[in-house]
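Handing you this structure, nothing more for now.
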Amino acid sequence: MEEILNLFQGFAIALQPFNIMVMILGIVLGVVIGVLPGLGGANGVAILLPLTFSMPPTSAIIMLSCIYWGALFGGAITSILFNIPGEPWSVATTFDGYPMAQQGKAGEALTAAFTSSFVGAFFAVVMITLVAPLVATLALRFGPAEKFAVYFLAFCSFVGLSKEPPFKTIAAMMIGFALAAVGLDSVTGSLRLTFGFTELLNGFDFLIAVIGLFGIGEILLTMEEGLAFRGGKAKINLSVVLQTWKELPRYWVTSLRSCVIGCWMGITPAGATPASFMSYGIAKRVSPKGANFGKGEIEGVIAPETAAHAAGTAALLPMLSLGVPGSPTAAVLLGGLLIWGLQPGPLLFVEQKEFVWGLIASMYLGNLVGLIVVLTCVPVFAAILRIPFSIIAPLILVLCAIGAYSVHNSTFDVAMMLVFGVIGYGLKKTGYPLAPLVLAIVLGDKAEEAFRQSLLGSQGSLGIFFSNGLVSTIMILGLIALFWSVIQEGYTRLRTRAATA
Amino acid sequence: MTTNSSSNAGPSHKAVEAGVTTVIGLFGVLVIFGSLKAGIKWGAEGPGAGFFPFYIGLFIVGSSLINLWTGLREDEGNLFAEWGQLRQVLSVVIPTTIYVGAMPFIGLYVASFVFIAWFMRWLGKYNWLTVALVSLGMPFVTYILFERWFLVPLPKGPLENLLGL
Amino acid sequence: MKRTVLHYTIGAAVAASLGGFATMASAAWEPTRPVEFIIPAGTGGGADQMARTIQGIVTKHSLMKQPMVVINKSGGAGGEGFLDLKSSANNPHKIIITLSNLFTTPLATGIPFNWKDLTPVAMLALDEFVLWVNAEKPYKNVKDYIDAVKAAPAGTIKMGGTGSKQEDQIITVAMEKATGTKFTYIPYKGGGEVAVQLVGNHVDSTVNNPIEAVAQWRGGKLRPLCVFDSKRMSYDEQVFEGKGWKDIPTCKSEGLDIEYLMLRGIFMSPKATKDQVDYYVDLFKKVRETPEWKDFMKTGAFNTTFLVGAEYAKWVETEEKRHETLMKEADFLAKSN
């Protein structure tokens, strides 16, 4: 009960006029940051951090966390309209969001994405409000082996059956892993696969690969099919929002499952991007419409968006209660806390009640404000598709170049983006799936790092991945996910045999 | 390209696919080579820097060989794309390559201006006024948004230095 | 004439009392474009926090006419940032904050870079290292802990740290040498994560910087055993159970004769003129006078030594030699290939 009381005090703080103003400003800036590829939430928060120095800490964190919500919302916009993920966690949104837009359903896809984001975040905030201390202790149990198990689970639940030839899938996935391995090996501290090129020190950034493979690749495909954007006939009035809302409750199971996946991945802390892939993969297998995924199924937008936003929100919990960031953006926010003289950690909830509950209340309000802001803009976003291709295409290419550049401030990355674009075009035309490649780049180096940290600790024994209840459970879940189709087939066969016997 | 470059001519899907697969296989060989240099031993402290990349490279080479084999057994006939379509694709790839290549020298803003103007004028056939508005407007908005608001410096060239931006 | 001189004198005196020194620099060089402040480390780490604090202070107190832009270039253990600065000769609008990877990255990876490629500006502070254990463990002092390490089977005691072949691992190897023990060193991405791994008992000890572990100490989750410095830290505010930074003994007094401090200093692009260096030295002097900076130093229990010019360069040179020896002994140098 004390929590509820604290929360109401928090609302009182967050509802002060200055804080509401700060909230709206933060959301708008966040959406802009989310839309611009390359300028991610972490960059955005980092860039604007010094501006908040002159504010009281509570207002400052409200503004920064609202930028974060805004970026989470904004990432979906370019994914759906142009197949360019504005943020890493909206890659999975392109799989069905972009086909929807091509079918003239951009408005529906955007509404579904924004609403799901809100649902996911809301679920995660409720969880933070009610069970924060409990969840924090769970997060402490995650050593390297447990982290590897989580990555393993995320990977297995996405990769599984797909329509493409299996060896093409394997080849694509392995290319992703190889690209992820380039650069500094974090465990031995030595360079690998750079062949003496200092430009390759960084390795291949996920965002650059994605902007190239998806964004540039898509423009090249469009060029091949003639200078036209499909989807120009998208409805552009607000009634589309209400119509889509009528449809959404049908998918409550998917939403709930995605919320849970998101919260879990946010706390563990694997982050929003793996969460969105995992949620998409599971929804694809479980849904009766699974075969339609990838062709413009609204459920394929709901699942990743809900999970990404839930994970993004839940990632703030380990940051506040343990001082360990669940995402790069949370890491920057953490730096902000320290600069304002607040120490995240076990005592923050006790010593800085006003701050913590003000922040939690602003999570509720910030997301609500964000939802209203982005939903009212749906017609505007959808109308962008009506701009003729020969105007919008060079603008997108320039935007992609800016995005690729601003990831590491390097023109080499812009060239890499173009190379990835041509590769993406070639791979797509010859039937190589791009999604496993991208997922491998995201998870590859993290999974390898966790795996090798575990082995260092266990002195080379693989037994560490089954050494306690937690890690064994996650590993077994992963194996089940990997062999799901085989298990399912075996089960149906057993049943038919039982029926005939 | 022979004389009958009519609407239905173009490289065969099979040939292009074999080409792509071969390139992937060569990439795998490169990965294996790089891993060997980094050290592929599984020491007392777990796998070395090149351990995983080495096997990843083997997987790439292996699956490429299988893909090449299945690909070559496919029926002849499908076109990858028509020459005309590929020309369209190249009409974007080549200017974009020039754009990206010029960026470190003349800066992003000037390069973007020229690129957008070219694209709109030659592919879109817009009148000069529209072309000027969009091609000047985009770099300007970019400048305000990135350099002024978000304080993200983008590549600049001699013109920006001259203007003292 | 006399009046203007007087005027000037008063102006200078006022400026001196406000800023802490005279504003003679106004006649000299000043940035004409936004200044890029490069961090050769990721967002959220120690160097990042310090750089962003500086940026905030500069913005809040309007210490610079042009904006200061902070950029992370963390690729290749910071190599990306150093190489970027090295290639920006004659561009005085680029500065970089360094940590020990100024020495360790070129040595461990073999990238073509040495600190002499850059122009030294100033040492802002030195970061301390403290030996931490989990508060649930029975070790009350260094001797208890080292005895326990010696008693355990070789390699089963785990030391967590930031990065590989960097400062944390150098200290670990030095500890092994000094005590004749063997740790298993496990590298993580960031200092905060290392501290939490210690709280979760996934490692047995760490050598976190004060700012990375202070929250967990205050929460009673971690216990500091000793500080790797020649003298105790000077901050006497209570942190936990009546103890403060000042109450942590030096490792030397506890029988662990190791000293290690990490440079938090500023360098600028190659071939900078004296005027340009002076401008930044002035700027950082002003930053050091602000209350925000003093607060930041206190939170992170920094050693606030400030060095410029030849003294600074000499310090860096000695430190480079030391790192070379330490890394050579630990077999961390890049294999030539």
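Per-chain numbering from 1; labels A, B and C assigned in written order.
One rule holds in what follows: contacts are C-beta pairs under 8 Å (C-beta built on N, C-alpha and C of every residue); 3 or more make two chains touch, one makes a residue touch a chain.
All values reported here derive from a predicted model rather than from experimental measurement.
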{"item": "Between B-C and A-C, the pair joined by more C-beta contacts", "value": "A-C"}
{"item": "Identifier of the chain whose CA centre is least distant from the whole-structure CA centre", "value": "A"}
{"item": "Whole-Å gap between the CA centroids of chain A and chain B", "value": "24"}
{"item": "Distance between the centres, which are taken as Cα means, of chain C and chain A, whole angstrom", "value": "33"}
{"item": "Rounded Å distance, chain B centre to chain C centre (Cα mean)", "value": "40"}
{"item": "Chain B: positions in contact with at least two other chains", "value": "37, 45, 151-153"}
{"item": "Junction residues of chain A - those touching two or more other chains", "value": "47, 185, 187-188, 190-191, 409, 456, 459"}
{"item": "Shared-contact residues (touching 2 or more other chains) in chain C", "value": "71, 184"}
{"item": "Interfacial residue positions of chain B with respect to chain C in the complex", "value": "37, 45, 147, 151-153, 164-165"}
{"item": "Contact footprint of chain A on chain B as seen in their complex", "value": "13, 16-17, 20-21, 24, 27-28, 31, 34-35, 37-38, 42, 44-50, 52-53, 56-57, 59-60, 63-64, 66-67, 70, 80-81, 85-86, 88-89, 91-93, 96-97, 99-101, 103-104, 108, 112, 115-116, 119-120, 123-126, 134, 138, 142, 145-146, 150-155"}
{"item": "Chain A residues touching chain B - in the complex, by the definition given at the top", "value": "32-33, 36, 39, 43-44, 47-48, 165, 167-168, 170-171, 174-175, 177-178, 181, 185, 187-188, 190-195, 216, 219-220, 223-227, 388, 390-391, 393-395, 397-398, 401-402, 405-406, 409, 411, 414-415, 417-418, 421-422, 425-427, 429-432, 448, 452, 455-456, 459-460"}
{"item": "Residue numbers on chain A that touch chain C, as the complex places them", "value": "42, 46-47, 49-51, 53-54, 140-144, 183-191, 198, 201-203, 322-325, 328, 331-332, 334-335, 338-339, 341, 343-348, 408-409, 449, 453, 456-457, 459"}
{"item": "In the complex with chain A, residue positions of chain C that touch it", "value": "42-44, 48-49, 52-53, 55-57, 59-60, 70-73, 75-77, 79-80, 83-84, 108-112, 155-156, 158, 163-166, 169, 184-190, 192-193, 195-197, 199-200, 202-203, 211, 214-216, 218-221, 292, 295-296, 299, 332, 334-335"}
